[in-house]
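The following blocks contain the structures, represented as structure tokens.
Next, two complexes with chain A in common: one pairs it with chain B, the other with chain C.
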Partner chain A sequence: MSFLKVEGLHISFNTPHGVAEALRGVEFSVHEGAIFGVVGESGSGKSLTGKAILDLVPYPGRITSGRIFFENEDLRQKSERERRAMRGNQIGMIFQDPSAALNPVFTIEQQMMGIMKRHRAEAKKEMRAKALGLIHDVGLPDPERVMKSYPHELSGGMQQRVMIAMSLLLDAKLLIADEPTTALDVTIQAQILDLLKKLRDEKGLTIMLITHDMGVVAETCDEVAVFYAGEVVERGNAQEVLSNPQHDYTRALLAALPDGSRWDEAGEDSTRPLIEIQNLTQEYVSKSGLFGRTQTAVRILDQFNLTIYEGETLGVVGESGCGKSTLANTLMRLIPATAGEIRYDGSDILTLDGPALRQLRQHFQMVFQNPFTSLNPRMRVFDIVAEPLRTHRQLGSADLKVQVDRLIVECGLTADYADRYPHELSGGQAQRVAVARALALNPRFLILDEPTSALDVSVQDRIIKLLVDLQKKHQLTYLFISHDLGVVQQISDRIAVMFAGEIVELGTSEAVFTAPQHEYTQKLLAATPSLIRMKRDNSL
Partner chain B sequence: MSILNYLIRRIGLALLVILGVMIITFFVSRVLPADPVRLFVGVRASEETVEAKRAEFGLDQPVPVQFLNYAGGILQGDFGISFRTKRPIVDDLKIFVPATLELVILSMVLAIVIGIPVGVIAAANRGGWIDQISRIVTIAGVSIPSFWLALLLQLLFFSTLDWLPLGGRLSREFIISNPIETVTGFYVIDGLVTGNFEAWRNALWHLVLPTFVLATYPISLTARMTRSSMLEVMSETYISAAQAAGLSRREILFKLALKNAIVPTLTVLGLVFAFSITGAILVEIVFSWPGLGTYVTESILSADFPVVMAVTLIVTVIYVAINLFIDILQATLDPRVRLGSQ
Partner chain C sequence: MKPATIFNRWLGFAFTRPEPGSANWYFRRDKLAVVCLFAILFMIFVALAAPILTPYPEQGLGDPNLGEKFLPPSVAHPFGTDDLGRDVLARVMFGARSSLIASFAIVSVAMVFGSVLGAIAGYFGGWIDELIMRITDIFLAFPPLLLAITIATVLEPSLRNSILAVAVTWWPWYTRIVRAQAVTIRERNYVKAARSIGVNDATIIRRHILPNVLGPVLVQATLDLGSALLTIAGLSFLGLGIQPPTADWGVMVSDGREYVQSGRWWIGLFPGLAIFITTLSFNLLGDGVQTATDPRIRSV
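Showing the complex of A and B:
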């Protein structure tokens, strides 16, 4: 007898192009008190399954067949009223991005009380006491202050803890956690996973943990179901599946995980500095008071020094808010620096303007995290890649086409992609277009700002490989920014660890990983999901 | 920034805007080729009379002095004398401004009371028949010219059915035998305050058609804005989270989602309110409504500059005040809107 059982679940979406089947006969069962991992890439139907259990399939999707048993009752036979009473009461849910899952215009207290008032007839005082107790249980200090806060006044980790507390307000027995740590920094991720384990142990909560991250599964789950294209392709004990995967797709997923090995053998150490950053300071001034006279300066970068050598890949790791994107934007001259110097080939670029700056822009290019927001949705691939060439080079239309086709092919697509719009591309293909655009002007220096974070793990792998190949071919210098240690290690010659606007550790990739000196680097390494560590240590 | 600091700064800026409008209207009126004094005294008056009047109005003085006189008068509530009606403009405004505001405010109330629920319900039943019908009706509502709609409704409700009056604020018998005493200038309020219920009911009767015609555009726009921002909000994760917590559909729609969705709608309402004050002109003319529109139209046609300047100023003040009010309202609804953040 199982706690939660899904049988032959089919969900389809009616689209203008016909009916699309998103789930095709999904089957699995979850034991009480287990942490059940649901793993797969975007579009595999894992989130949809979670929503289907709560009967929240988004418009225009609908369940076409299948049965969902919760404590041996068929949920689909229940009335809308019964199902609603069950949501929150029996089954709670938390979401990927806690800042989006909390209503921004209500305080935490208003949101929590709203949920309880709906389901419980207790006195207000008792309900409030319970809410405070739960906020305390999920490890938040000063519950009274948290209750009175609006969501934007809390950090990401705090917001996710609040979400978990909210989902437990009504003593839910099953918690569906949809990518609960994906939007969080790696040290926070470890804390939230620990919290989930603690809640399972102490409150006997059953957790369905939806994730794309095999590392999280290895760290947390007892059982696992691997989703691929709307089907469960493999399920069973988590350790067994990870150590002895049966299905090709599971094997591919595991193989794609960064394992601490380098893609390219380390080249000869270059000693020629390409970019020297000296005493770079970056401040934001926020004005307040009657005429904006009260000024508070927030220092993002403080007397920052860094040398980037020609032909190397310098990895920059750090958590959100540590200043790594500010560094990238300052280097690109997208935002003005408060003080300091950035020397490129010996001359300061912060003072350039007009034609000299335009000249520099050809040498410095950038690839952004999310290709779907960095590519103009109204432009075809051809025009996206051709745009920098049209701006900086006078080419005839025949030459332009030759150039663009060459770039597209070089980045691993075929020339016929030129006619497509970004929304007709997959995430990986779109990021390839973004790389092609960055390469159009033969730059020397490329800033890669989390170029693989928005992509699935198997796609990440291929983009990294592309970047490594291109670097060899064109003698490029990379500044590779990421919050993901595994990916950084794969590609970097040297790694700079940033914390609160400063570099706390800088060294060769091996040195940083095998013998981290700074406390923060050690913490960061310890928080990385164990699968990567296990894989690196060849214990898997 | 505290709300008080913010208010002081915004009011300071508003005063600058008003001063700017005063200066511009004043100088524009001085460079126009028409001679207002000649208009005032008539074509047959002698040159001496014209010059005497010119001196009386202070129009023979240097332009900067004239402006100071004008600005000083306004500070004391004196907008000057209308060339056309020969009455103090303030006295005219006391009648015409409330008449127009009565129409505009009631049509805004309709926009809120009808437009917002229609938008919410349409969004909730996206693609359903309610949604389809409301989309067709609201697209018609924003595109039908108001004067044409007014004529059609007059044909139907006055000529054919004889249910509602053709125009004016009050029937002739009330104006002559039982007029509403002026307290605020708003008949809806004055009728009640003075206990003149017969006339009050008659005034309401006269309000129905012009209010509805003037409200057609705001109602439709509000409904469309509310629908689209509701749809956007309904796709947010926090709405899924509320559903997952078992909240009822009504709570989610009208309490949780609407508070988020109403913020952009308010911006539009603020702009439409100000627009309606001048937009009321056509409606007022069709319904012979003795309001600002009718007043200012006749003044423009007879080059009655003091009136045009006064009305421009009044509309500016209302516009600035409404937008300030909306900004503050939005900040109280959405804690992320920081007052005066730069």
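Showing the complex of A and C:
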């Protein structure tokens, strides 16, 4: 007997191209009081499975066959009314982005009371006491204040805790958590995962944790099912699956995880500074009050100093809001600086304009996080890669074609991709096009702004490898920005850890990873899912 | 570029089997919209071929034929004849020319002018944005028809001037649509990438901003063709548009109005029907285009 059991679940979508099967005979069972991990890449059907249990399969999808048992009752035999009563009462769900799941115009109290009023007939006072107790249980300080807050007054981590508290309001026995930590910073992620484990232990809650991150599975789950292309390819005890994976896909997923080994052997240390950032300050003036008369300056970067040496890869790690993107945008001359200077080739790039700035644009290039937002959807790959060449070089159309083809091939695609539009590419292919565009003008310095974090794990690996190969071939200098220490450590010679607009630790990759000096770096490392640490310590 | 390439890029969609899931594919499933498209293509054909299609081309152009005044519809004159003895069918066919030219011209002028201004406002922001948007606000503060009538009255009455008068009241809508889109597109990473490459502002607007706002603008334009036709017919009806003897549906309805009471209904009815059918076709076509291009409202 099992708590939740899914048998031969098939879901298909009617699309213009015909019927697409999204789930093809998914089977698994979950024991009461366990954390059950569902892991797979985007499009593998893991979220859809969670939605199917709640009978929330989005249009135009439908369940074509299969059975879902919850406490030995077949959910698909129940009436719509019974199923609705079940949602929230017995099964709760939380989502990736808590700010999108909370209603911005109501306070937390109003939203929580609203949920209880719909399902329960308890006295108002008791309901409120219960809500307060749950907010306390999910580890939020000062429950009274949280109850009176609007969602925007809470941080992302606090919002996700509120979501968890809400899903428990009606004594749900099963919590379906769909990527509950993906939108959060690493240190917050660790706290939320701890909270889930605590709820399992103390309240006997069963949790179905949907994630793309093997590290999260290793950290939290008792059992796991690995999804691939709409099927469960492997399932069982989490420790066993992780230490002795049977299916090729599981092995590939595990192998793709950063393990503390480096991609390229550290070259001889260059001592020639390429870029020197001195006392860089960035302020935003935020206006409030009537007609913006109250002005407060917010310092994003404060007297920031950093030297980047020729030929190195400098990793910059920090959480959202630490100023790392502002740093990148300032270096690229996309936003003006408030004060300070950035020296490159003997001059301050912050004061360049006209032809000198055009010259600089050829030396500095950038690769963005999500390739689908950094490629113009209305342009073909050829025109995207040709754009820098058309802007800076006067080439005949034959020469241009030769150049573009060379770049596309160099980045691991074939020349016939030139005719495609971005939406006809996969995430990895699109990122290769973005790299080809960045290389078109033979730059010396490349800013890589989380170039792999929007990609699936198995693809991340290949993009990193491409970047390492290109660096060797063209003697490039990289500034690699990421929130993920594991990824940064794979490729960087030195790592700078940023916190609140300052560098709190700067050192060689090995030093930062093995002997972190600053408190914040230690916190970051401790929060990195244990699988990476286990892999590093060869305990796996 | 080879002619074949140009053909494939611009007209190929009409002759090839559309890829399932494309806007073209969704559009072709909407039978009513396709019928309306053919109705409009038929109107355009009639307007172009009017001198060949009618046996009375000179009457269509305005020559009076006083011997055959007020004849009711018959085989020789399916739509009857008017107060100057001219064949109403020929007049309606020639009238299609000015009506269609006017509606396409109004929408094109307003769309091009309004979109470019909107893209500039949205892309640059700051005082340029303020300036452009306050000017559009001023134009939007007047009732559009009243403004068009005022401008048309001040100018010499002619087809060109009435087009101008209506277009002046029309462009601010496009500016608003495009500006709202451009503000979000400006923040997209591909615009950032283009700026970091060193592409100049004019090229960014032309290559990155405008193509990506084209969808909603074209939908709006198709929906507007009908109202443009109505407005221009209204101006002619008031005598502020095309002057006799050139044929125009609005003028013809105005002329026919005098004879309805005396039972000569055909003089005003047929040009009125032409306005009705063309406007309806434009509107339904616009709806079809909107449905086909908006993933949120179309269904499989």
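Throughout what follows, the second predicted complex is superposed on the first by the 535 of 540 C-alpha atoms of A that agree within 3 Å, B and C clash if a C-alpha of one lies under 4 Å from a C-alpha of the other, contacts with A are read in each partner's own complex, and residues count from 1 in each chain.
By our rule, contacts are C-beta pairs under 8 Å (C-beta built on N, C-alpha and C of every residue); 3 or more make two chains touch, one makes a residue touch a chain.
In this text the structure is predicted, and so the values were computed from the model without any measurement.
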Chain B versus chain C as contact partner of A:L334, first or second or both or neither: second
First (chain B), second (chain C), both or neither touched by A:L54: first
First, second, both or neither for A:L102, with chain B first and chain C second: first
Which of chain B and chain C A:F368 touches, first, second, both or neither: second
Larger contact residue set on chain A - chain B or chain C: B
Contact residues of chain A, present in both the chain B and the chain C interface: 60
Residue numbers on chain B that touch chain A, as the complex places them: 1, 5, 8-9, 126-127, 235-238, 240-248, 251, 255-256, 259-260, 333-336, 341-342
Of all residues in chain C, those that touch chain A in their complex: 20-21, 25-26, 188-190, 192-199, 203, 207-208, 211-212, 214, 299-300
List of chain A residues in touch with chain C within their complex: 14-18, 60, 329, 332-334, 357-358, 361-362, 364-366, 368-370, 373-379, 387-388, 391-392, 434, 437, 441
Chain A residues within the chain B interface of the complex: 51, 54, 56, 58-60, 84-89, 91-97, 100-106, 114-115, 118-119, 150, 152, 163, 166-167, 169-170, 176, 286-292
